[in-house]
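Each in C-alpha cells, the structures are laid out below.
Below, subunit A partners subunit B and then partners subunit C, in two separate complexes.
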Partner chain A sequence: MIRDRTDRRVELLLGALASTILLLIAGMVIFVFLKGLPSFTHNGLAWFGGGGNVDEQLMNIFNSPANPDDYVYELRAWPLLYATALITFSAVVISTIFAVLSAIFIVEFAPLSIRRILEPVVRLLAAVPSVIYGLIGILVVVPWVHEHLISEERKESVAYVIQLDGTSILVGILILTIMICPIMIAIIVDALRSVPANWTQGAAALGVNRWRAMWTVSVRAARPAIVAAAVLASARALGEAIMLSMVAGSVGFAPNPLDGLTFFLEPARPLASTIVDNAEGLSVVPFGQTMYAFASILLVSSAFLSFGGWAARRSLSKYTLGAR
Partner chain B sequence: MSTETAKPPLSAKKPPAKRRPAKVESSWSIMDRIGLGLAWAAGISLCVVAGLIVVYMAYKGIQYVSWDMITSAPEASLDQSATGGFLDPILGTLLLTTIGIVIAIPIGVAVAVWLTEYGRPSGLARAVESGVEIVAGTPSIVLAIFGLLIFQQTFMGLFSFTAEGGAVFGRSFIAAGAMMSIVALPMIIGSTREALMSIPRHVREASYALGKDKATTIRRVLLPSARSGIATGATLGMGRIAGDTAIVVILLGASMTISPEGSGPFGLLKGTGSTLTSYVYNNSPAGEGNAPEKAYAAAFVLLLIVIVLNALVGLIGRRNKPQWN
Partner chain C sequence: MNSKKFSLAWLLLALAALVVVPAAQAKSTITISGSTSVAPLATLWAQKYVKTKAGKNVKFKILQGGSDVGISDVSRGRVTVGMSSRDPKPSDPGGIVFNRIAKDAICLATNPANGVSAFDQALVQNIFSGKVRSWDQVPGAKEKGTIDLFVRTPASGTQDAFDKIFMSPEKIFSGASQKASNGLVQQAIQRDKAGIGYVSLAFTKGTTVGSYKGVPCTLRNAKSGQYGGVRSFYFVTRGAASGPVKKWISWTRNNKAALKIAASEWVPFK
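== the complex of A and B ==
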C-alpha cells in the first residue's frame, strides 16, 4: 500500500510540474498580449494599416510626455508587418524548393562518401548561431552587394525615398534561406526515409526510373512532412531578429515592388528586429507597450504555425506513413 | 543497473547497405535529367556553403584571435587596441549555458517522463504537448521580453539589481538563464521522450515482475536507459543557448564585463554581464563597438564551441545506444 502511495505521489508531482509549465506558457501569451493591448486599443484596426513613417511614429511614442494622459500611441505598423511577411515568405519558398531537392539527393542519389559529409554539414548549418550568419552577412555579403549590384543610377532612382547601402531584403532573404534550410532538410529526409521501400520498389518494377520513383512516389508520400517542415521553418524565420537587424537595413521602410529589380535592394525591418533594435526603450511605458504589441503579433503567428506544423505531422503519421 | 547492456555489441552494427549507383540511362527523359542535376547541385552547394562559412571564419579567426584576447577582460576605450579581449564574454557564455541547462534538464526530463509514462488525464497531456510545441516555435526575442516582464515585478527584486526608487532592473544572469532554460526545454523533452518511447514494453514489465513499482522502474531502469537521449537533448539545448543573442541582449544587461551585484556566488548570478554572442553583436558594424577584428575573433571562438557541441551530439548518438534484443 505504501508503495502505491509513493507511486501516486510521483505521478502527481510530475503532473503538477507539467501543468506549471503549461500555466507558464499560458501566462506568457496572456501577459504579453495584455501588456501590448493599449497600443492596439488606441489605434484600432489602423494599427495594421499603412500611413506615415513608422520610424517617426516610433520616435514620437518614445518621446511621449511622462504624464500617462498624454502618452502617444499613434502607430501604423504596416511596413514592419509587410517586411516580416515578405522576408519570411520568400525565404521559406526558396528553401522549400532547395530542401526538397537536397533531401532527395541525400536519401537517394548521393554517393556514400558525399552522404557521410552531408549529414554533419546539415547539422552544422542548423547549429551555427544567427549572430555569426549576421556577422558574415554584414561584413562580407552586404559590402559585396553594395559594390557590385547597386549602381549610382539605381541609387539616384530611389534617393528621394530611401538610401541604398547594400543592407537589403535580398541579403536578408538569402541568409535566412541558408539558416532555415537545414531544419527543413532534416524533417524531409526523415520522412523520405520512412517511405516503405516496397512502394518505390513497386514503382521500379513497373519500369520507372529512380528519379521518377522518387519524385512521384516518395516525395508525394512525404508531402505532409514537406508542409510541416515549411511551416516550422516559417515559425523560425518569423522570429529571426539579430541576423535580420544586422543585414536587412533596420529601416522601417516598405520595399516597393514597382521599383523593379531595385525592390530587392531596398532595406526593411521585420517585427522581431524592431524589438531587438529598440531594447533600450522598453522602460518608456507607451514605447514598451508598443513593443509588447509587436511581440504578441509574433507570438500569435508562431503559435498558429506551430499548431499547423504539428497537425501536418500528425496527418503524416496517421494516413500515409502508418509505420510511425 | 544495466550499464553493461547499454553498450551495443560490436557485431550489432549493420554494414551500410550497398546501393545501386544512380546511372542515367538513355531512357531518362529530359525532365528527369534536369531534376537529378538540380538535386546534385543542391546537395553540393550545401557542402560548399558550409565549407565557405567554416573556412572563412577559421581564416579570419586565426588571423585575429590571440592568447591575449582570450585571457583579458574587455575594457571601454576609444582606442581599438586598448579595448581588451573577451575573457568575460567567454565566461559569461559558459555561466549562462550552465545555468540554463541546469534548470532545463530536471524540468525537461520530468515533463518527458510524465508525458510518456503517465500522461493522465489525456486531455492535460495533450495540452502540455501542444504547449511544448508552442514554446519550441516561440521566437527567443518574445521569450526575452516576457522574461523582462516577469523579472521586473517587485517580488522578483531578489533576482536582480534594484534601483534607489524601488524599480527592479530585471536583468541578470538568473533572469537570462531562466529564459534560456525555456529555449532548451523543447529539445530535452523531445529527445528524452523519444528515448523513453524506444524502450520496449517488456523491459518495464520485467521490472514490475520483480516487484518494483512504477516510480522505481522509472528511476532505476528507464532513466538510466534513456541517458544518451537526455544527453543528446541537453547538448542540443546547450548549443541553442550558447548561440542565442536576443535573450542576452535584452536580459543580461549591457555591461561588457561580468559585474556581480553584491558578493558571493549569488551576487554573481544577480549581476549582469555579456556573452560571446552579445560581444560579437556589439562589435559588429551593427553594434556600438564596431571592431570587426574582435567580432571575427569572438565569433570564431563561438563557432568552435558550437562545433564541439555538435560533434558531441553525434558521438553520444552513435555510442551508448541501448539494444533491446
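== the complex of A and C ==
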C-alpha cells in the first residue's frame, strides 16, 4: 500500500484532535467528581434518600461557618432526583409517541405541499432556544393553568404542605415535550426515509395497506433510530435547566401521586434547575461542592443513558437494517 | 477611483487611530462584578464619572453575577471592585473590605386587586412562615382564599436581607415558590391576585406596596430612616481601597451629582 505523506500528516493531526477532546472530557468528569466528593462522603448513601426539607438543607449549607471543620453538608437530595426522573421520563415517553406518529405522517401520508412546509418548520422548531419556551410558559401557560385548572378547594386542600400557583410539573412536562418533540421527529423522519423502498413495496405487493406497511416494516426497521432519538431527547430533557426553573415551580418538593389529580399541579425542581438557580452561591465552599455533586449525578445519568441506548440499539438492530 | 486602494487607505487610517488613541492617554481600568441589585446604580455612576475631570482617565468594565460572585471575584483578584447587596458573612474570605455606598429599601408587594396596605412584623412572619395560609385571616385583604408566596433563592442577597430584617427568628415556608430575580417575583405578583412577595424598591411597579410597622415603603421614608426594611449596598475591595478605586468610591459617597444619581431610586450614602 502506498501511503501519501499528506494523508499521514492529516491522520496524525485528526488523531491528535480527537484524543484531545477525549482527554478534555475525561478531565472534566474527574474534576466534577472530585469537586463533588465531599458532599457524598459526608452523607453516605443517605444523600440519595429523602428526609427533611431539601431547600432548608441547601440554605444551611450556604450559611456554613467560615471554619472548614464546621462546614455543613447534610443533604437528602431525593426530591430533586425524583423531580428530574419524573419530568424527563414523562416528557420523553409522551414525545416518543407523538414523534413516531408525526414522522409516519410526514413521510408517508402528507401531501407534498404540506410536507414542504412541515419539514422545514420542524427543523426550525428543533433549534429554538429553551429560554423562549420558558418565557412563553411563564407568561401564557402558567397563568392559564392557575386560572382554569386550579380551584380554590384544591389549593386549600394542600395549603399547609405546598403552594399551587400554576407553576407545576404539568406545565414543565408539557413544555418539555413540545421542546424535544421536533428533534425526535427530525431524526425519525430521516430514519424512515432511509428504509429501502423495495421493503415497503414488497409489503404492498403482498396486499397490505400503506398504514400497515409503514407500521410493520418501516417503523420496525427504524427502531434503532427511534431509540437513538429518544436517547438524544432524554439528554436534552435531563440538562434542561432555565425553562424548567421558570415553569416547574422551583421548589424542592417531591410531588405526591397519592394526591390524585393535584399531583400534576404540584411544583418540583430538577437537578439542572437547582444548579442554575443557585449559581450565585458557588463561592461558598461546601455549597459549591454540593452543586458539583448534583452535576456529577447528571453526568453519570447521561453516561448511563448513552450506554443504555447503545445496548438497546445493538439488540434491536439484529432484526433490522444491520449496522446502525 | 480604485475601490481597493480606497479601502486600503481607510484600513491604514483606522489602524493609525487604534495606535494613537491609547498612546495619548494611559487609562486605568476599574473592573467590577457582583450583585444584580447594585449593578444598575454602579453603571449610572460609571457613566457619569468618566465625564468628570477626575474620571477622565478611568475606564470601567462592569459584569454582574450576584453578590457572592462579586465577593469571590474580588478576593481572588479577578476584579478590582465587587458589588454586594448583602452584609458581610462569617464565611466570607479574609482580607476584603466592605465599603458601604448606598442603601436600598425592600418592599412587601401584593397584587393591586388585593391591595393589602399595612403589615406589622407579626403578620409578615405569620404569612411568610406559612402559619397564615389564607387571605381571610389577613386584615385589609380584598382577596379570599389561599396565599401564594413568592420568595428568592437561598443564595440571593435580597433573600439574606429579608431573612435578617423581617423574618428572624422565623423560617420561610418551605412550599413557597422560589424565584431567581427581583423581576421574576414582580412578574409573579402582577399576574397572581393571591400573590405576595418582597422586592427592591426599584421593582415595585405594577404592584401594591404595603407599609411595614406603620411606615409606607417609599424612597422618602427609607432616606429618613423611618422605614425598617432597609439594607446596605457595598463596594467590596481587596484590602483598603487605594488609587483610582479609592477616588471613585469617595466620589460616589461625596460628590453632589453622584448622590443625586443614587437618590433617584436608592438611598444615598449621605
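Everything below uses one rule, namely that the second predicted complex is superposed on the first by the 294 of 324 C-alpha atoms of A that agree within 3 Å, B and C clash if a C-alpha of one lies under 4 Å from a C-alpha of the other, contacts with A are read in each partner's own complex, and residues count from 1 in each chain.
Rule of thumb we're sticking to: a residue touches a chain if its C-beta (ideal position, glycine included) is under 8 Å from a C-beta of that chain, and two chains touch if they have at least 3 such contacts.
Everything numeric in this text was worked out from a predicted model, so none of it was measured.
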| item | value |
| --- | --- |
| Clash or fit (per the criteria above) of subunit B with subunit C on subunit A | clash |
| Touching partner for A:303 - first (subunit B), second (subunit C), both, neither | first |
| Which of subunit B and subunit C A:245 touches, first, second, both or neither | both |
| Which of subunit B and subunit C A:58 touches, first, second, both or neither | second |
| Which of subunit B and subunit C A:279 touches, first, second, both or neither | both |
| Which superposed partner A:155 touches (first subunit B, second subunit C, both, neither) | second |
| Touching partner for A:82 - first (subunit B), second (subunit C), both, neither | neither |
| Which of subunit B and subunit C A:253 touches, first, second, both or neither | second |
| Which of subunit B and subunit C A:199 touches, first, second, both or neither | neither |
| Touch count on subunit A, higher of subunit B and subunit C | B |
| 2-10, 56-64, 236-244 or 254-262: stretch of subunit B that collides with subunit C | 254-262 |
| Doubly contacted subunit A residues - partners subunit C and subunit B | 138-139, 245-246, 250, 276, 279, 282 |
| Residues of subunit A that touch subunit C when the two form their complex | 53, 55-56, 58-59, 62-66, 138-139, 142-143, 146, 152, 155-156, 159-167, 245-246, 249-253, 267, 269, 276-284, 287 |
| Touching residues on subunit A, where the partner in the complex is subunit B | 3-4, 6-7, 10-11, 14-15, 17-19, 21-22, 25-26, 28, 31-32, 35, 98, 101-102, 104-106, 108-112, 114, 117-118, 120-125, 127-132, 134-136, 138-140, 178, 181, 185, 209-212, 215, 232, 235-236, 238-242, 245-246, 250, 272, 275-276, 279, 282, 291-292, 295, 298-299, 302-303, 305-307, 309-310 |
| In the complex with subunit A, residue positions of subunit C that touch it | 65-69, 71-72, 89-92, 130, 133-134, 144-146, 148-149, 153-156, 171, 173-180, 184, 187-188, 191-192, 194-195 |
| Complex contacts: residues of subunit B adjacent to subunit A | 16, 19-22, 25, 27-28, 32, 35-36, 38-44, 46-47, 49-50, 53-54, 56-57, 107, 110-111, 113-115, 118, 120, 124-125, 127-128, 130-143, 145-146, 148-150, 185, 213-215, 218, 239, 242-246, 249-250, 277, 280-281, 284-286, 292, 295-296, 299, 302-303, 306-307, 309-310, 313-314 |
